[in-house]
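Could you have a look at this structure, given as structure tokens, before my questions?
Should a chain be cited, it is by its letter among A, B, C and D, assigned in written order, with residues numbered from 1 in that chain.
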Amino acid sequence: MKLSNWLDWQLVAGCIVILVAAGIGVSSPSEYVVQVITLGALYAAVATAWSIAGGMGGLLLLGIISFFGVGAYVNGILFTKYGISPWINLMLGFLVAAALGRLIAALTLRFGLSEDYFAMFTVGISQVLKHLLLNWEYAGQATGIYITIIQDDFWMMSFVSRKPYLLIGLALLLGIVVITYLIQRSELGYRLAAVRLNNQAAEALGIDSVRTKTHAIVLSAGLSGMVGAFYSQFSTFIDPAQVFSLATNFEMLLGAVLGGRLTIIGPLLGSAALKPIQDVMRGLMGGGADALYLVFYGGLLVASCLLLPKGIAQYIQNWHKRHYAKSAPAEKQALAGEIK
Amino acid sequence: MSTPLLELREVTKRFRGLVAVDHVSFTVGAGEIIGIIGPNGSGKTTTFSCVSGFLVPEEGDILFEGTSIRGHRPSDIALRGVARTFQVVQPFEDLSVVENVVIGALRGGSVDLGEARDYAREVTEFVGLGPVAEQLAGSLTIPGRKRLEIAKALATRPKLLLLDEVMAGLRPSEVDLAIGLVRAIRDKGITVVLVEHLMRAVMALSERLLVLDHGALIAQGDPRTVIADEAVVEAYFGKAHAHA
Amino acid sequence: MAKHDKPVDFDSLRRRVLGGLVGAGALAAFGFPSIGRAQAQSVKIGFLLPLTGQFAESGNSIKVAVEMAVEEINAAGGLSGLGGARIVPVFANSTNVDEANTETNRLIASEGVIAIVGAYSSGATISSTVIAERAGVPYLVPNALADEITERGLTYVFKTVPNFSQYAVNGAQMAKDLSAKAGVPLKSVALVRENNFFGNVVGREFAAHLPSAGLDLVRDNVFPSNPTSFEDIIVRLKRDNPDVVFAAGEPSSITLLFQQLRELRYWPKLGWIGVGGGYTNPVTHDNLGKLANGLIVVNDWFPQINRPGAAEVNERYRARANKDMLGNANTTYAGVYILADALNRAGSTNGTAIRDALRQTDLADGMPSFMYERVWFDEKGMMPGSILVGAQVNNGRARVVWPDNYKVDEPVWPVPAPR
Amino acid sequence: MELDLIAQILLLGLLQGGVYALVACGLTLIYGVMKIVNFAHAEFLTLGMYLALVAFEQFGLNPYVVAPVIFGLVCVLGAAFQHITIRPALKHPQINQMLITIGISTLLVGLIQLVWGPNNQVVRLPWARNTLDIEMFGGEISLSYARLIAFGVAIAIAAVAWWALRHTRMGMGMRAASQNPFAAQLMGIDVSRINLVTFGVGAGLAALAGALISPAFFMNPTFGKEYFLLTAFVIVVLGTMGNFAGALIGGLVIGIAEAIGGLLLGPAMRPMVSLSVFVIVLLFLPRGIFKGRLT
């Protein structure tokens, strides 16, 4: 674990941010702070999960909300109708969302759909799911599903206070950040980089680009589904319009893009900064002059996309490289060396 | 004669009417260095693309170690032992030199990362890029990039290496180094098929020479006799010269 | 040209923008959480309303009603039980569930509100009432209708709007009374409702109650939210030819629906009865103009009703909002008074004291009587006995025509097709 | 099912398709030339409706008269947005460009609500609601003027655009830039000016559609986004992204498909019909009915 290595440095920084957030949340008397941090953590978790396919895999996976929503409904249905513990539903949420990811990958990657169509397809699927659930009697249709929590029950992930949810949310975020860290250091990380940078060259070197991209989509989908399952337990009420909302979808993406989607810490920083700003701005201006908040928030989105095209973390990376990396010997004289 | 390492039978590739490869047949024995020459647009690179799976020929078949690889995915063909370099070099610009080689050494993920790293470092040293291993591939000059192309292909432990104009754009001193490298590769037991315009390199390396013109194989055999062949000269320099 | 000229009121725009900036500035200046301005002791009440998005219009008309009630109470000396404390309304945006939860926490934790009124949509209310219950902050629900709100054993939640079932029970009874009086047979009924929370529950309740009312539900037509056309429903209505149509929807879809009813020349044999917020929203009647003439709408209150003080309250509201006091603006206005009454009786800002005071509420007079005969809550926090009334729309105004003791006009039934 | 009722449904479906096509024209133009999926397209439509409302209530001008002016006005606004926000982002990754249009969309919704307030409003143009009645199949079919006009203009725009892209210098420039912006630049075509005009005209077309449908529909700040955005995407994808004739045919197909779907499966399933067409097209006709050929 050398801090000169950019990956290790990011993991340490990520853990610090999460620990600080946990400290603030647990110590703070106001449930409002706990709520804002937990939501920020959930958005960061989905953004980090998305960055596996959308960042490392270079896939324009625009509709991540489909998997989040599927995960939310897995827990919503299984918990309220069969009393299955949310801890198990986290895994089931992962599996169901991953299966959906696998199906989408099989459908789109095989046809060699161009980037824009793939992006539109993933967005389209989220709205198809929304309308399916809106008309599905069993899942509560438009009346949605609400989860009543009467008293603390660890096994049923039910807590009167919001703080346990904060800790679970941050734990999920930490888990996903560690997973992305391990992926970047693993052979999957290399394969993803190759496929992202030059699909043809990767194929020539024996890397099955379709299989590699499928792995990325399945991982991104599964992890987002897991976060969705936790979200339904945290928010105690879900309905199709809420958990498949495109507005939420783009907010999550924005955190990853502004943070720097090719890095581990980028999505975390982006969402950690964006979500609380939004909630606080809405609190300050939302009540007073209703739409003024939308004008400021829209302006912020445009400005940050323009000023930070590669994301905050990318600029930190450049600083890190200059500061830490040892200087490389000039290339010229190297080539003069004879062949061993 | 044991089954040849690579055999092309009547391979034909059309692009909407234009016949790029016209019923080409030849074989490559294990351990040989075969040269392929021909004027621009004679189907050299297209033949390479058919062998490596990037293009699927309309007619004919391609056999590697006796079994057909026609229509297989490029990644499957690469893992069976057919590695290629690209005429227009394709480095992973944002990765370091050794990391580029690691991607080849992973053999599609079947090789453990640690092992792949060690082998990649070995290959990087072998092609003479050791000192710049940590540099970003994007910062290499043309000769460096050409070597990296070869290193990446070598890292997949191929039995057959298709080199597509790896000498193009090199200075004479660099060409000599490259010739030495190709010989060293063949000495490691890897069969090499070389597409080149630099006659000096082709003549120095090739045990057998094939000549393509307008997609058709017009001559093959010992280099000396082939380049004297009337048809070859005509293909290169046009009719008038042939009679001079 | 247009019926009444509605210039872009730049003054309201200026007030709105400046209001926001000043509001933001003041709060920002004080840093966060904000501290009440130096003035006679004041208490904060939180109001959760959809101020942006699809329901922004209803949210903003409710906000005007709240401001009116608060100004009236403060002008009359504030809360007598709390030493003349002034009420400071704190508005929070509850467009979706996350927002509602976050804002509820903000109102309680940083604004320090002593009570909350709100949330308009049932989903937001269901989840945010749990948060208020845990914080021991009383929560008055004058607009969200979901039964679950008061069925979960929460003790700090009080609901003044009727349960869904009453829409079916009162609606069916009204149709039967009107038909009996007009001597016309009434047997077949069709439903036309939106595929959203309110629509689904209306569908469920009518399907449950119509048989016992002796009416048979011919078909339950459901249209998607944000519909772009209604032809297929109208064709089905033409084929089924029901005596009466009960309908529920949002102002946006109703405007389109009634245009297409005219385009396709369809009108039920006896009449069209709209239930709930969308149909009783004055802007809907305004937008429809002639098309809405004769439409019967059902809700808990209308300005033209035979109840003391109703007309005056509505005139005061029209002066501010330039439209009738409908679409939950009325229930929330009465809600502020009910809460003020409880605060005076509680004599303290402690949540539990206010809750107990609310539980003993028994108002037969005072401001809320413009709407309710008697205001009291059962052990679940529901206000029993709040019945619904039916009104007939003519030239953009809805005048109560049922039940007889509240009616100001004789109903026209069966209703001729609007031209 | 009487024949005249079916005919009525299909005709109204066709007219509805005209409205969809009108909305999709601008979107497909911007995508075709700049390869940007413009998520703010719906807000330009809503803006067009509100401008029509102001023209009608302040100056007594009926939307059909003032529509060209609104088109011009929003063209300038669209070009300004392109120049300030999108042009600098053209070299950034594609997802950034899309997120910028989402930022613009949020900004516009906020501005519209700030200026005109959240209330539902409609241009009360009585005659636009009257219907043209035709005798057919023994029954009477009635089609409202508002939709007929919208349908006619959609056809006209598609035709004019089809002609302009073929026979005007700007049109040729747009087609060149859409196929290969780099090559077009080499041939001396000022691609940045083409992008400016393209985005402006695209936004203008959306506003024109808004103005024309303002008598048939009501308006509130989020109207465009909730009612038309997804259907417009479906049409653009179905009709081959960037192809004008595709947008028109795609719109008509979706209009009729929704009408039939609503009839057979029930009205609640209408959105499902267009969304399923969307998914199926993306899978089996990856480049739309025109297989990626532009105009």
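Quick notes on this structure:
Criterion: a contact is a pair of C-beta atoms (placed from the backbone, for glycine too) under 8 Å apart; a residue touches a chain by one contact, two chains touch by 3 or more.
It should be emphasised that the depicted structure is a prediction, and the values quoted were computed from it without experimental measurement.
Least step count on the touch graph, chain A to chain C: 1. With centres computed as the average of Cα coordinates, no chain lies farther from chain C than B. Centrality by C-alpha centroid: the chain sitting nearest the overall protein C-alpha mean is A.
Centres computed as Cα averages put chain A at a distance of 32 Å from chain D. Chain C and chain D, compared by their mean Cα positions, are separated by 35 Å.
If you average the Cα atoms of chain B and of chain D, the two centres end up 52 Å apart. Between the CA-based centres of chain A and chain B the separation comes to 43 Å, rounded to the whole angstrom. Across the assembly, chain B contributes no residue that touches 2 or more other chains. Each of the following residues of chain D touches two or more other chains: 109-110, 113-114, 118, 221, 268-269, 271. Contact of a single residue of chain C with at least two other chains is seen at positions 16-17, 51-52, 56, 59-60, 195, 224-225.
Taken as a contact graph, with one node per protein chain and an edge wherever two chains touch, the assembly fits none of the named shapes, being neither a line, a ring, a star nor a complete graph.
In this structure, the chains touch in the following pairs: A-B, A-C, A-D, C-D.
Against chain C, in their complex, chain A makes its touches with residues 29-36, 39, 131, 134-135, 141-144, 146, 148-150, 160-162, 235-239, 241-242, 245, 279-280, 282-294. Residues of chain A touching chain B in their complex: 185-188, 190-191, 193-194, 197-198, 200-209, 212, 328-329, 331, 333-335, 337-340.
By the touch criterion given at the top, residues 1-3, 5-8, 12-13, 16-17, 51-54, 56-57, 59-60, 195, 221-233, 235, 238-239, 251-252, 255-256, 259, 262-265, 283-284, 287, 289 of chain C touch chain D in their complex. In the complex of the two chains, the chain D residues touching chain A come out as 31, 35, 37, 39, 85, 88-89, 92-96, 98-100, 102-114, 118, 221, 230, 233-234, 237, 241, 268-269, 271-272, 275-276, 278-279, 282-283, 286-287.
Only residues 52, 54, 73-76, 78-79, 83-84, 86, 90-95, 99, 102-104, 106-109, 111-113, 116, 125-126, 128-132, 134-135, 139-141, 143-144, 147, 152-153, 155-156, 174, 177, 180-181, 184 of chain B touch chain A when the two sit together in their complex.
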